[in-house]
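Accompanying notes for the structure given below.
Letters A, B and C mark the chains in the order given here, with residues in each chain numbered from 1 onward.
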Amino acid sequence: MKPEEIQKIAETEHDLRMSYKYRINVCCSSGCLPFGAQKLLKAFEDTIKELGLERVCKVARTGCVGTCSVAPVVLIDPGNHLYQNVKPEDAKKIVQEHIINGQVLEEYLYKNEAYFSKQYRLILRNAGKIDPLRIEDYIAVGGYSALAKALTQMTPEQIIYEISLSGLRGRGGAGFSTGQKWNFVAKSTAKPKYIVANLDEGDPGVFANRTLAEADPHAIIEGMTIAAYAVGAEKGFIYIRAEYPLAIQTLKKAIEQAKSYGLLGNNILGSTLNFDIELRLGAGAFVAGEETAILSSIEGLRATPRPRPPYPAVSGLWGKPTLINNVETLANVPLIILNGGTWFSKLGTPKCTGTKCFSLTGKVKNPGLIEVPMGITLKEIVYEIGGGVPDGKKFKAVLVGGPSGGCLPESMLSLPIDYESLTQAGAIMGSGGIVVIDDESCIVDTARFFIDFCMDESCGKCIPCRAGLPKVREILDRIMLGEGKVEDLKVLEELCYLIKDASLCGLGQTAPNPVLTTLNYFKQEYLAHIVEKSCPAKKCILKKVEVVKE
Amino acid sequence: MSERIVKLIIDGKEIFAKPTDTILKAAIDNGIQIPTLCYLEGLTPHGGCRLCVVEVKGNPKLMTSCTTPVSNNMEIITNSPKLIKYRKQIIELLLAERIHTCSVCIANGSCELQELASKFGVDHTNVSRNWERFELDMSHERFVLDHNRCILCTRCIRVCDEIEGVHTLDIKRRGKDSMIIVDLDEPWSASYSCTSCGKCSAVCPVGAIYVKGKPLSETKRKELPKFITERRRR
Amino acid sequence: MIVLAKVKVATVWLSGCSGCHMSFLDQDEKLIELSKRIELVYSPIADVKEFPENVDITFIEGAVANEEQFHLLKLIRERTKLLIALGDCAVTGNVVTLRNCFQDSVKEVLEKAYIETVTYNPQYPVQVPKLLEKAYSINEVVKVDFYIPGCPPSADLINYVITEFLEGRVPSIEEKFKYG
């Protein structure tokens, strides 16, 4: 295929799209499927067929719209009307009123303006708008034109220059400059080179990467292919959790389609670029998402991290230069190529450009997947997008950055979201998990929960993490049982600093964050358990009574 | 062609090293001691015990000296109070992790963990000890595998894989549940791949793998991997 | 002339083999020197029934295995200024705590020791203090001020520690001691 043909397909598809007066997008992602999205899709298809509206209205299965709290949802274009909690039996009514009569059904409409108005959907631009199983849908909205531009009008150096100019930083959590990373790999002379797209999103309550793969798989593939051209790689791996069956299916199909269109394989778009992508399924270890553990896992070894240096850019997969990027990072690439690095660098904050996807969960009115510009405050996310804490409960803390993130109190809510501010506050960007905690939750219990997770997921290679985390948990257990001593807090803190400083990989280095931040911001709750033998959230009391009975 | 030499400063002392050296090697060559446990010359560095971590100027992270190569003008501190404290804590965690009762251990007197505890003055543990009991594998006619004393340094795995070349030993499970296994978690006597060479017992720093009926002081050969690899290179 | 009051020292034997006491006695002629400066107020080798008050230094050998020892240790802590764990059993629990590895340790230990391996009239012991569910090292029960590991610690180490304390210094035993 030639670059011109992409343009042609885009035009044909666009015309086809325009020929429909309406487009009903039924969200069929992991959030809506359990609520009967498949049946809903069929109901709409049947209704349209029944009423003979096939030429007027297109029914499409799409990826996630982001409002997972009101699943299943249906998005009707034009007008971006989002219907919530739609049941299959509602399909007829909606088609009758909206499509035939042109009347918007107010009672089904999702009315939360703030949820979307504060967001900036860049990576998720196509989520909920295109059919992820059709490459033509992606091409129709401008997909693969960035690849065509990169291959025909740009040199690898120019691409890396644009990426550097954009200020894009790794979305996997550490926030390393993407341009610099690409540059390192491009400079390595050893051959062959590899690209690994990290889709091993193992944090509890985090689903941004999965949603991206389910909604817009080709954005990942396109980003990877551009990266391959820029750094000179021939083979790419998408490392994805085996627990994401729908994302796997979607990606598999997408790779197949890209191959059949000549967008993967040899001489991509008539250029000299040869690049192929293979899916690799993870075997369920959280630590496998760590940059170097992923390499071991792909090589077929135990997913344990390796010491750095040597960095993967020099010696990665099978000792060859390897570029490892999070899929969210890669999905930004086509946009930067199309619009230029300068354009991207103006989004977000000067040091932290672009947007970031967050999985907003916990005690908020509107949980779901959100994408916000960097620099937005936590307050805006929790109260404006999230709608605050439901059921008249009081906000207590927000955990930013997944299981190894930090618990921040109300006073920290004005904190802007960027790598530096979060790290300074004791939290991390991490995988982009935001969990809101209300006053019904015990802070010690919360910290213990996340320590428990990290302890289970520790690979066991280094001693501080393997042997230290169980001790941290033991002390927290004791405190929760009312058996804690004031001296325990010092031991706890010292252990946490050891684990943070001396562990081998990111898992250990960040695992104590929930304890350290809660010790910092919520010390009085620990002391209440230890000194007053009471739990302010009235959560641990039962356990205490049991002990007394003994 | 003359070999390139890099200059670095370790604990205020200016020293020279080959660019291919690790910090640990440069330190040892210049008489600077850095404690190690999982490291053994002749085997691929593991970087797991974290005892050899050092501070490198300009790097916020602690680096394992056994894996980090030297670079020109590197400034390294190997014995700051913080590092010594961390080392003590690590030894303490190891002592508490499994059942290390020295008085009834076959390695008593030639155990590297015992030695380190004494050297760093870890005279007690503040953290509570675990009492999970692991079954011994005594099926092999010559060797015993005692998980209760294992510190998971993986020296045995590496010597089995890299020197003997059979990779009989490996690890199963993860985190605190990690355990050394023989072949696919079989009794040692049922192993097809094991050549009964005994290198694992020669390098075990504690009393986790030993030869039946012999104290570890008689069977331990710490220098074995180095000896073999040096001869192979010739 | 000012006569310095002698330092009151006690030695206690909990669950241990008495080896540490033997090592203590192995100080041999140095004991004579010590006796000029200390007064032994309580010890298994002295016939004192109750643990006295206001003891300056107490050496404890052995781990805590039964209820009597548990209460005695609490009392000792109250009445002692400087509490020293002497030997591995006191410091780590050593062999005494090995029974903690068994699920129902008390039952298993008693059965093994008094029934299974006994040929003549096997029976459970009566009228002796009840064994605790788990055996403990000293610092798991009370605060310990100083530790002397070793199985047993050498007489020289014991002598070094006690003389240092008598001189008003905190001994530094790094590289001087050895577990086991």
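Details
What we mean here is this: contacts are C-beta pairs under 8 Å (C-beta built on N, C-alpha and C of every residue); 3 or more make two chains touch, one makes a residue touch a chain.
Being a predicted model, the structure only gives us computed values, none of them experimental.
Chain contacts here run in a simple line, from one end chain through to the other with no loop closing.
Counting contacting C-beta pairs between every two chains, the top pair is A-B.
Spacing of subunit B relative to subunit C, judged by their CA centroids, is 34 angstrom.
Once the centre of each chain is set as its mean CA position, subunit A and subunit C turn out to be 58 Å apart. Separating the CA-averaged centres of subunit A and subunit B is a span of 38 Å.
Residue positions of subunit B touching 2 or more other chains, listed in rising order: 126, 128. Shared interface positions of subunit A, defined as residues touching 2 or more other chains, are absent. Listed in rising order, the residues of subunit B touching subunit C in the complex are 95, 99-105, 108-109, 114, 117-121, 123-126, 128-129, 131-133, 148. Against subunit B, in their complex, subunit A makes its touches with residues 285, 287, 302, 306-307, 309, 455-471, 474, 491, 494-495, 498, 501-504, 509.
By the touch rule above, subunit B contacts subunit A in their complex via residues 45-50, 53, 61-62, 64, 67-69, 82, 86, 89-90, 93-94, 96-97, 126-128, 130, 151-152, 170-171, 173-178.
Partner subunit B is touched in their complex by these residues of subunit C: 85, 88, 91-95, 97-98, 100-102, 134, 137, 139-140, 144, 147-149, 151, 172-180.
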